[in-house]
Amino acid sequence: MYFFRNDYSVSCHPKVLEALAAVNGENVVGYGFDPYTQQAADLIRKLCNAPQADVQFMVGGTQTNFVSIAAFLRPWESVITPVTGHVNGHEAGAVEATGHKLLLARTPGNGKLTPAAILPILEECKDQHLTQPKLVYISDATETGGVYTKAELSALSYCCKANGLYLFLDGARLGCAFTSQANDLTLADLAQLTDAFYIGGTKNGAMMGEALVICNPELQDGFFRFKKQQGAVLAKGWLLAVQFLALLQDGLYFKLGQHAVDVAQYLQGGLKNLGIPMLVDSPTNQIFPIVPDDLLPKLDELCAYEVWGKADNTHTTIRLVTSFATPLEDAEHFLMDVKNLT
Amino acid sequence: MYFFRNDYSVSCHPKVLEALAAVNGENVVGYGFDPYTQQAADLIRKLCNAPQADVQFMVGGTQTNFVSIAAFLRPWESVITPVTGHVNGHEAGAVEATGHKLLLARTPGNGKLTPAAILPILEECKDQHLTQPKLVYISDATETGGVYTKAELSALSYCCKANGLYLFLDGARLGCAFTSQANDLTLADLAQLTDAFYIGGTKNGAMMGEALVICNPELQDGFFRFKKQQGAVLAKGWLLAVQFLALLQDGLYFKLGQHAVDVAQYLQGGLKNLGIPMLVDSPTNQIFPIVPDDLLPKLDELCAYEVWGKADNTHTTIRLVTSFATPLEDAEHFLMDVKNLT
Amino acid sequence: MYFFRNDYSVSCHPKVLEALAAVNGENVVGYGFDPYTQQAADLIRKLCNAPQADVQFMVGGTQTNFVSIAAFLRPWESVITPVTGHVNGHEAGAVEATGHKLLLARTPGNGKLTPAAILPILEECKDQHLTQPKLVYISDATETGGVYTKAELSALSYCCKANGLYLFLDGARLGCAFTSQANDLTLADLAQLTDAFYIGGTKNGAMMGEALVICNPELQDGFFRFKKQQGAVLAKGWLLAVQFLALLQDGLYFKLGQHAVDVAQYLQGGLKNLGIPMLVDSPTNQIFPIVPDDLLPKLDELCAYEVWGKADNTHTTIRLVTSFATPLEDAEHFLMDVKNLT
Amino acid sequence: MYFFRNDYSVSCHPKVLEALAAVNGENVVGYGFDPYTQQAADLIRKLCNAPQADVQFMVGGTQTNFVSIAAFLRPWESVITPVTGHVNGHEAGAVEATGHKLLLARTPGNGKLTPAAILPILEECKDQHLTQPKLVYISDATETGGVYTKAELSALSYCCKANGLYLFLDGARLGCAFTSQANDLTLADLAQLTDAFYIGGTKNGAMMGEALVICNPELQDGFFRFKKQQGAVLAKGWLLAVQFLALLQDGLYFKLGQHAVDVAQYLQGGLKNLGIPMLVDSPTNQIFPIVPDDLLPKLDELCAYEVWGKADNTHTTIRLVTSFATPLEDAEHFLMDVKNLT
C-alpha cells in the first residue's frame, strides 16, 4: 500500500538520525543554552542574512504558531488569518486558548492572503468595541498548496507595515514551498519581509522541530520565559539544533523538499493525464485530485490518503501528500494501478 | 571535569537510540494513534495494574504538569502545592498562565506534603471570595530528594478523597524515587492512590518524554483535544512510545534509576565521610552538600554543579545530581579530588 | 433632535430610581448575600416556574455572556454562534479572551439560528484536532430584531439536547422580544428549553443589570467564585436586585418593552408608508430602513441613529432603536419630518 | 445593632443619589464617550495635576485591579504583592485568571511594602525559568489600615523605576488613607510616583465605581478595548462619572473619608481606654481590636463585625470598619455598651 496520507509519517532522514547518534553520550548544557543551539542559530541567521534575528527552536508547528502569536500580542489584539489557515482549522483553538480572536479572511482557491482581503477587516475593526487586529498569519505553502511569490509577499508586507500589523509566516512546509517551481523567495527575503517566520523540520526530514526566526527585534524580549511558560522549551534543547544543523549545513533540507515536490508533481501530472482533474493546480507536495466516488473504495485498498471534501454529488476531492521519504517508484506504480482501475 | 549539574545532560541511553533507529523509515500513523503508542500504553496499564487508565505521552515535564492540571480543573479551582514544588519555582508561571492560582503549602526540609499542611488551606478557602482548592500537586522524588512512603502517600490520598481533591503526582524523577532505599511504593500503588501521575522519561534514559497515567476515569474525557490545543501532541507520536517501550519492556527504566541513585548515594556517603554535612539526607540521585565558601572556586574547576543557596555566612549549599549516564568512576575520582582539596 | 441611536441612552425608569432611593441609607449585607437579592431571585424563579434555577445578577451584557460561557465550558470546548451574534461582533473578543473558540454559523436575514446550521459544524468537529462544540449561543431578540417562536426554540433545544450541547440565550433585549407580536414564548418556556438565559435590565428600564437564570443544575456549582474572579460580583449586590424587583414585581418590565416595541413598529409602518423599505421586517424595537444616501446628511440633523451598512451603491441601511423612554410623539414628529424631507 | 462589618454596606451618600436623579431622563451617549465622563476625567486630571493621564471609570475594585494589571503586562510578566494584598487574598484568583503569577512579599504588621522586600524577589527571578516581575501592587490604605507616607512611596517609586517595574496603587480606600493623620500624600503625588492608581468610590460614598488614573502614557494604548473585552465597560458610562463629579467637585469625597476615619479613631481610642489592645495601631477607618474569646458572643449581639483571626489561645482579633454613613453616636453608644460588658 502506498502512503500518501501526510508528510510526517516517517521519523527522519538517516543523516538526521546519525547526527543525533553522534552527540549521544555527551554532557550538554540544558534548555537551549548549549553550543549546538548557538551554532544552528548562527547558521540560520547567516542563511537568512539576518544578524539581528533571534532564532528559537520548538518541537512542533501548533506550538510554534500559538507561542509566537501569543508572545507578540497584547491581550486585546487579534489575528487575521485565511479561513483555511492551519491556526483556524487544525489546531483545536490553540490561538483562542491564549485569549486572542481570529479574524477570518476569505482566500479563494489557493489559500493565499492578499491586502484586498485584509483591508475591510481593518476598516470594520476601527470600532473600538472590537479587537485590534495586529498580526497577519499566513503559511507558505498554504493548506491547499499555494506558494507566495516575492511580489505577493512584498505587497502583504507593505500592507502590514503601513497598517501597524505584524506579518507572521508559518513555514511548516517551507521546504516544499521553496523548492516548488512557483517560488522566487529566499530565506533572506522572508527575514526582510516578515516579522517572524519559521523553518519547518517536522514535515521535511527532521524527527521533530521548527526553527522560529524572530526578525523584528521588538518582538524578541522575554521570548524564552514565555516559551518556558508554555511548555515549549525542550530540556535537551540541543536535540533540535543538531537536527537543523544536519538539515541546513549542506542544503539537505532543500534537497528533501525538492524530492517531495518532484514526486508530487509527477503524481499530479500523471493523474491529469488520466483525466482526473485537480481542485487547484498545486506546485508543492500536496495535490488535490477530484475523483469519482465509486473509485474511493478501490483507492482505499491502494493507498493511504485523506478525504478533503465533497466536490459534487458524485465526486470527492482527496489529498495526496508526498515527503522526503516517498519513493518515486511508489508514484510510478500508483499511477499504473490507477490507470488499471479507471 | 565531572558533570553533576543535572540529570538531563545526556541525550539518551543507547538502547533508546537503537529503538528509535529501528523504526526509522517506517510509515506510521500520526498524533499517537499508532500501534507503538497503543502497545506502550497497554504495557504501562499492565505495569500499573490499571486497565481503566488513560495513558498520554508528552514531551516534557512542565508541559505535562500544566496540561494535566488545566485539563482537570474548572476555572475557579486552584492547586495546593509545596512552596518548593516544581510548578511553583521552576516553570515560569505555567500553571497560572492557564488561569489557576497556586496555594502554597509549607513543607519543611524534604519537600513532602502532608494532610496537616493541606487542611488549613482548605479551611481558609471556605470563604467564597477565594478560589476553590481542587488539586494537590506533589512530586516523587521532591525537589530536595524526598521520597514518599506508601503510608505517607496513602494518608495524602485519603485526605484528598475525603475533601474532594484530586491528587496529582509529578514523576519526572520517579525512576530514582522508586529505586531509592526509602521507597516502598509500586506503580500499581500510584495508580490506586492518585488521580493521575506520570513516569518521567526525560530525566531517566529517554531523549524526551513523560508518560502520563490518568487513573481517574472522570478526568479522561476531552484530554486529547486539550493536549492538541496546548501544543502538546507530537505529530510523530510514536517517537515517544518507542522510547518508553525500550525503557519499560525489560525493566531498563528502573536499572537506570538504580544506577543514578547508587552513584549519588556513594557521593553522599563519601562527602559525609570527608566531614561535609548535607542540607537534607537525600535517598535519591540529588544530594545537597553544605560546603565552605572558599571551596567553591576549586569546585568550579572540578565539576559542574548548581548553587542551591546560602547556608550561612561562610557556607553554601550546592546540589549534585547524577544520572543513568554518570560513571561510578566519576564519583570515585571526584571524592578523591575533593579529599585533596580539603 | 430625536434619539433613535440605541436603547441604553437613558439612565432608568423613574420607579427604578425610586426603588434605589428607598433603600439608600440602609445597612445591607454585601456581595449579593442580602434579602433583596434573595427576594428578587425568588421572584424570578417563580416567574420562570423554575424552583431549581440559580439566579445571578450581573452588571452588563458582555459580562454576563462571557462569565456564563466560560463558567459552563471546559477549556477545549467551543461555542456555536450566529456570525451576527453579539459575542462575535460587539464584545471585543471577550469569549475568546477566556480561551474559547467561536464557531460561526450562517443565519440568513433575521439572525436566528437553526438546527440545520448547527449540524454541519458538529460533523466537522468530530475531527479530534478541532475544539469540541459544547454550547450554542443565541439571543432573543437577535441583533437584527429577529424573535424566536416557541416552535423554533423547541427545535433548537431538542437539537442541543440530542447532541450534548448547552443552549444559552442572551436576553439583553428580552423585554422587547417578549412583547413583540412575533412572540409566543414565556419565561417558563425559556427555563425549560434553555440551560441558561438572562433577563436584560440595562436595555429595558434599569440603570444597569442582567438577571442570569441558570436552569440546568449541573451548571450552578462554583458560579459565585467564578463571577467574583471575573470582577462580576457587585459589592453592593442589592442595587441590582432592587432594580429587578421594581421592574418585575408588577409587570413594569414588560410594559416598558411593549412601549419600545410599539413606538418602533409605529416608526416602521410609517416609514414603509413613505416608501422606505426595510432590510428585514423586524417585530421588535430595532428597525432597519434602507435610505437613499443623499438623505443621510438630512437625517444626521434630524436624529441620532446608527449606520448599519451599505445596501447598494446609492443606499444605506440604518438602524433606528426605541426604548422605554422614547416618546411616541418623537416617532410621530420624526415621520412628519421625514415626509417633508422626501 | 451597630454595623461595623465593612464600608460598603450603605448604597451611597444622598448627594450622589441626587446627582444620579438629576441626569435621569436625559439621552446620553454610551460607553463613556459622553460629556459627563469627559468632565469627570478632566476634573480628576486637574486634581492630580496630571494632564497626560488617562482616566477610566470602572464598576468595582477587583475588576479595576485585574483589568489594569492584565492590560499593563505581557504574558510572562508577574506581580509583586504583599502576601496580605487584596489581589492575593480576596479576589478569587482574578489576577492569576488573566495568566499572571503573583509573587508574594512579606510585609510585617501594617501590610506596607518596602524596597527591601522587593529586591530579593528580583534577584531570584533573574533565573529565566521564572516569570519576569514587572508590576508592584500596593494599596493605600493597606488591608490592615496601613497608610504610606510620601517618603515611603517615593522610596518604592524609585526602586520600581530603577528596576523597570510599574508601580500600581489600589486606592479602594484612598478616601480614608488620605484623611488619616498618617498621610502626607496628595493626588498629585500619586500621579507622579505611580504608573497608575485609582480613587475608590464604592467604599467612600458612591453607589459603585472606581476612577483609574493611568499616569504612565505608555500604558494607555488599547485600554478601552481591553476594558470592553473584560466586561468592564458600563453601557451607561455616565452613571459612574456623575457620581465622581458629585464626590470630587466640592471635596465631598474627602469629607466622607474624614468622617469615617474620625469615627474609627474615636472607637480605637475608646477601646484602648477600656484596656482592649489593637493588633496594629491603625490610623484609618479599619481597626483591629484583640478581644477575649468569651466576649465574642456578646459582641455578636451588639454589632456586625468580622473575625480577623486567632490572636492567641484565648483571644481573637476582630475588624471594625466605619464608613461615611456610620453615625458618631453609634461609636459612642457602642463604647458604652462594651464598657458595660467588660
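The letters A, B, C and D name the chains in turn, as written, and every chain counts its residues from 1.
As a working rule, contacts are C-beta pairs under 8 Å (C-beta built on N, C-alpha and C of every residue); 3 or more make two chains touch, one makes a residue touch a chain.
Remember, it's a predicted structure, so these values are computed and weren't measured experimentally.
K.L.:
What is the chain whose Cα centre is as far as it gets from that of subunit D?
P.N.:
When every chain centre is compared against subunit D, the largest gap points to A.
K.L.:
Of the chain pairs B-D and A-B, which one is connected by the greater count of C-beta contacts?
P.N.:
A-B
K.L.:
Measure off the straight-line distance from the CA centroid of subunit A to the CA centroid of subunit D, and report it in whole Å.
P.N.:
50
K.L.:
Just give me the whole-number Å value for how far the CA centre of subunit A lies from that of subunit B.
P.N.:
34
K.L.:
Find the geometric centre of each of subunit B and subunit D from their Cα atoms only, then give the gap between the two centres in Å, rounded to an integer.
P.N.:
42
K.L.:
Hunt down the residues of subunit B that sit against at least two other chains at once, touch-wise.
P.N.:
Correct list: 75-76, 91-93, 97-99, 129-131, 225-226, 228-229.
K.L.:
Give the list of subunit D residues in touch with subunit B in this complex.
P.N.:
On the subunit D side, the touching residues are 75-76, 78, 89-93, 96-102, 104, 129-131.
K.L.:
Please output the residues of subunit C touching subunit B within their complex, sorted ascending.
P.N.:
On the subunit C side, the touching residues are 31, 70-71, 74-77, 98-99, 128-132, 222, 224-226, 228-229.
K.L.:
Which of the residues in subunit B come into contact with subunit A in the complex?
P.N.:
Residues 3, 6, 8-12, 14, 17, 20-21, 23-30, 59-64, 66-67, 91-94, 97, 202-203, 207-208, 225-226, 228-236, 238-239, 304, 325.
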